[in-house]
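Listed next: structures, encoded as structure tokens.
Both complexes shown next keep subunit A, but they swap its partner, so subunit B is in the first and subunit C is in the second.
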Partner chain A sequence: MRTEQLTSTILQGEGVSISLENVTVFYGINPAIQDVTMEIFANSVTAFIGASGCGKTTLLRCINRMNDLITNTQITGEIRVLGEDVRKLDPIDLRRRVGMVFQRPNPFPTSIYENIAMGLKVNGFKGDIAEQVEKYLRLVGLYDEVKDRLKSNALQLSGGQQQRLCIARSLALEPEIILMDEPCASLDPISSIKIDNLITQLKKYFTVVIITHNLQQAARIADRIAFFKVVESGGARFGVLDEYATSTDFFTKPKSADSYNYINTRIG
Partner chain B sequence: MTDSTELLLSSTSAPSKGKRKAREFRENIIQTLLLFAAVSSVLVTFGIMEVLVGESFRFFINPELKEVGVENIWADFFNIKDPQWTVLFEEKHFGILTLLSSTLLTSAVALIVAVPVGTTVAIYLSEFAASSLREWLKPILELLAGVPSVVFGYFALNVISPYVRSFNENIPGFNRLSAGIAIGIAIIPIISSIAEDAMRAVPNQMREGSYALGSTRINTAINVILPAAFSGIVASYILGISRAVGETMIVAVAGGLQALYSWNPLEGAATISAYIVQVTLGDVPFGSLEYESIFAAGLTLALITLALNLIGFFLIKRFKETY
Partner chain C sequence: MTDANDIAQLTDLQTIRKGINARKLVDKIFVALALGSLFSTLGVLIVLIGKLVIEGSKRFGSGFLTFITSVPDSNPEEAGIKIAIVGSILVILVTASIAVPLGIGAGIYLEEYAGRGGIPTWVANIIEVNISNLAGIPSIIYGLLALGVFKAQLKLGETIITAGLTLALLILPIIIVTTRESIKAIPQALREGVYAIGASRWQTIWDHILPASAGGILTGIIVGLSRAIGEAAPLVTIGALTFLTFLPPVPFSPKQGGGVYGPFDWLFAPFTVMPIQVFDWVGRPDPGFNVVNAGAAAVILVFMTLSMNALAIYLRVYFRKRIKW
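Entry: the complex of A and B
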């Protein structure tokens, strides 16, 4: 109820891309995150922030049903992606439309070219694969760095290059939404800035949801911030959505005491 | 503070001169014993190689060779045009390719059976089976590796061979196809177990990366897991081949004992190991040419296995993934 109020105060975007309604996720009988209701807007960057263990990753992974791969996961409430209930969608189709970038770069142990081409092939891409590979390597600013060694193994790239390759790999499928789970956590500051700039460009074409522990990054790239906090109740620890606001509002006049403390412990 | 520490130190070290000597002596004995334990297996390996190489050497320089009509033993041994292995006959020839052809043929049949089946089983266990199913399926499969090979030999002779002959009665009861299939079944657990370990060692984030692109399980297994686990899978094949090449009881029981040079799997013929068994079972006098010939054959087998292990070692090094 509280979150509904919070949502209503948010500047409306061009359209709702993802809507969550009373979403609670359990691992076995333990809730990881409870009762989240929010709307994520199209063509914008929404950052999930909050202390570790507050269920941000869990929530993110429910959006493209990656949590199906973990046994014992139970989800109540409703998650809609572009108006459709994710439970009614084929997870394979859903994941093609909702791309994901992980915390640690995870290129496949194949060639740079094949890393992008593989996703296209398994999804029955009809166009020119080589052209698509080049287009997205250019978009992530990797093409000039690797154009002479497209056939060499992707594991030889640096961490930052690997992560950009992983981003290119999910963008090449031209999904509507990109979920990013701390994409810069294992990168040096320069690679990290490159990815930030990329994300800012991406929102023209995609809806981006990003988890980050870096508040400066969140302030720099996000249009809206969703702050999660851990609560303890009846011996269980789980996350709840505490505040959801535009980036400017969140950082200049946070409404909740917890988000104020979170921002200020980090800066101070 | 300092005083008390010194006091403490001196109180433990002062009366210990004799004790210390005794302790060091004890430590040295233990260390030496452990060293012997470590070295013993190396010594045994060297001992085996010494016997193999020594007896083979005696075979190749044996003056009796001239008497039995072999002018140039090297040319005869490595004859690949018309190899004959007629050691137990009056006119003797020692063309190793005769026996080697059988060894390679049965191993090839075994691999044709075991590589696809073993790899498929590994993919299933690693990527598809629920962990509860895997927990009891894998030990059962590994039990297959503990079945004595003589049992597989009679399985080949009494089950596989009659089945093969049901297609064509002219096929002899002892044939290398049946023996090869049985070897293949025997090495499936080696391949599937090691390949499955290699696949499961692939970090989960790599699977997730693939699923996040809309890949199905089978897409993920083929496009991501197989290349990622390549070195381990190759290692499983190499171990399987080594076992197939050295396999003795199955071929001795079901593969035939005549030393024939032939590449037809439907014929029976002795492999190197089957020949060694045959000679050892007969009344060949110790130190005779026939006796020494089994060492020359055995050395060939040992060298093949060594070469395979080296190839495997380099392949594993070459394709070792750092993820």
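Entry: the complex of A and C
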């Protein structure tokens, strides 16, 4: 069934969740990332890796139109989420279905309970809010740690707990896709492992796209790796997608010299 | 070799200590200067208020109640500031109910909508520069504008509504700028977090942006209102009365000659305010007016302004304690 001829067939998975076609993102007149074409598959973990400044975050933020908040951003090409062009979707609807976890934990300055309940309330959730809050706090392994102080301020939690709360906050809306921008960047190794384990469990229910600088993490949790590199052309510096392969292939037999150097941390 | 010598000199303990002592001396001089300027400013304020209190002290004894509950009179001992206090409160009420929603709305638009689907950011910035300039325009100019627009064109007369509108124009820039600044101070990460859970722009503003910036916005409002309460010039320009012996009509109270007053008739009543009352008394030859009464009324005006500022400080501290990033 799976031939090894074309990258797209190697990568064939359980169905396409996000498809990018010739996507270029400009800040003003400078491209940040150019001409990305790829398909991201459902119920799998796809990791974006590459040096800082190669446009990974920019690309990720296009998927749920978070870049709308930044003035002077212009996107060409086509991004489809679950078959629909993101530009034609209402951003509110899109973000409801495509959750996001940020690099630095950003809980709302309210109670732990309210952090999760708020997302449910703004989206007009009809069910039992308390039950939903507990369910997702349990899922991220936070419930036992915080069950006695659900009413206390979320900012009193440790960094790792805050990040897990932010993950619970996105998950509680039961989106189809979760975007994570270096979720473990500011966490200690133990909190980081907890989140890795969580992500591995999550792919049963969600499609996960994660940016990471930690290659061990990428190897541990990702099914597929998209490697981006910075190229310079005509005085402009922008990122391009250099290699996209299954995790095993990428780490054992990288096709591009740049990926090989990146994995082995050699300056190319 | 020279390099090595330089390094040896730098690490010489005595030189380092000498340097530290010199820097500490500069530190001490600065502290002394700063304290000096602080106390000289405070000193002037204390002398000023002290002088007013002493001058007005005759009215602060047993006659205090008479002073604040009486209408103006040609006899200084009988004259009071009831009409002016009520006038000030009503005018500020009108000013606040116009300037607060307009100012906060404009501030939110400039910061949250401009450049994100609304007008482009550079237009917003030009508008803001102009608004900041408006904040520096002498208040009498606002009086002239009000004279032309509210009195001559809209025929609103020398009434509470005209005064309220005029002062609202005067303090709008303060409220707009502080609203925008306090919204700007909210971390972008919070905003992104809220949008990422699928909140609409209005839900984001109402549930997060406004509560998080409430302290700053309230401070701006109160600073603006305490400026408005002390303004005399624009109101003199529109022709506020200096001698008035009756209060604006209470809604639904019986009218002379039958019927009752409507709920908003007080808006169209003539008025006077505290600073105008002080201004009027200062100009009279009788020391009973120009020293005693003017001093006493000024003390009450200063007290009103200071207590509004104290409230502003309290609110700022209160909100800062509640919200931490």
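Keep this in mind: the second predicted complex is superposed on the first by the 256 of 268 C-alpha atoms of A that agree within 3 Å, B and C clash if a C-alpha of one lies under 4 Å from a C-alpha of the other, contacts with A are read in each partner's own complex, and residues count from 1 in each chain.
By our rule, a contact is a pair of C-beta atoms (placed from the backbone, for glycine too) under 8 Å apart; a residue touches a chain by one contact, two chains touch by 3 or more.
Computed from a predicted model, the values in this text were never measured in an experiment.
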Subunit A as common anchor, with subunit B and subunit C clashing or fitting: clash
Subunit B versus subunit C as contact partner of A:29, first or second or both or neither: neither
First (subunit B), second (subunit C), both or neither touched by A:190: neither
Where subunit A meets both subunit C and subunit B, residue numbers: 64, 66, 69, 92-93, 95-96, 99-100, 102, 104, 106-109, 118-119, 122-123, 155, 166, 169-170, 173
Of all residues in subunit A, those that touch subunit C in their complex: 64, 66, 68-69, 71, 91-93, 95-96, 99-100, 102, 104, 106-109, 118-119, 122-123, 153, 155, 166, 169-170, 173
Parts of subunit B lying in touch with subunit A, wherever the complex brings them together: 203, 205-216, 219, 223-224, 227-228, 230, 321-323
Interfacial residue positions of subunit C with respect to subunit A in the complex: 115-117, 120-121, 187-200, 203, 207-208, 212, 323-325
Interface residues, subunit A side, partner subunit B - complex: 64, 66, 69, 92-93, 95-96, 99-100, 102, 104, 106-110, 118-119, 122-123, 155, 166, 169-170, 173
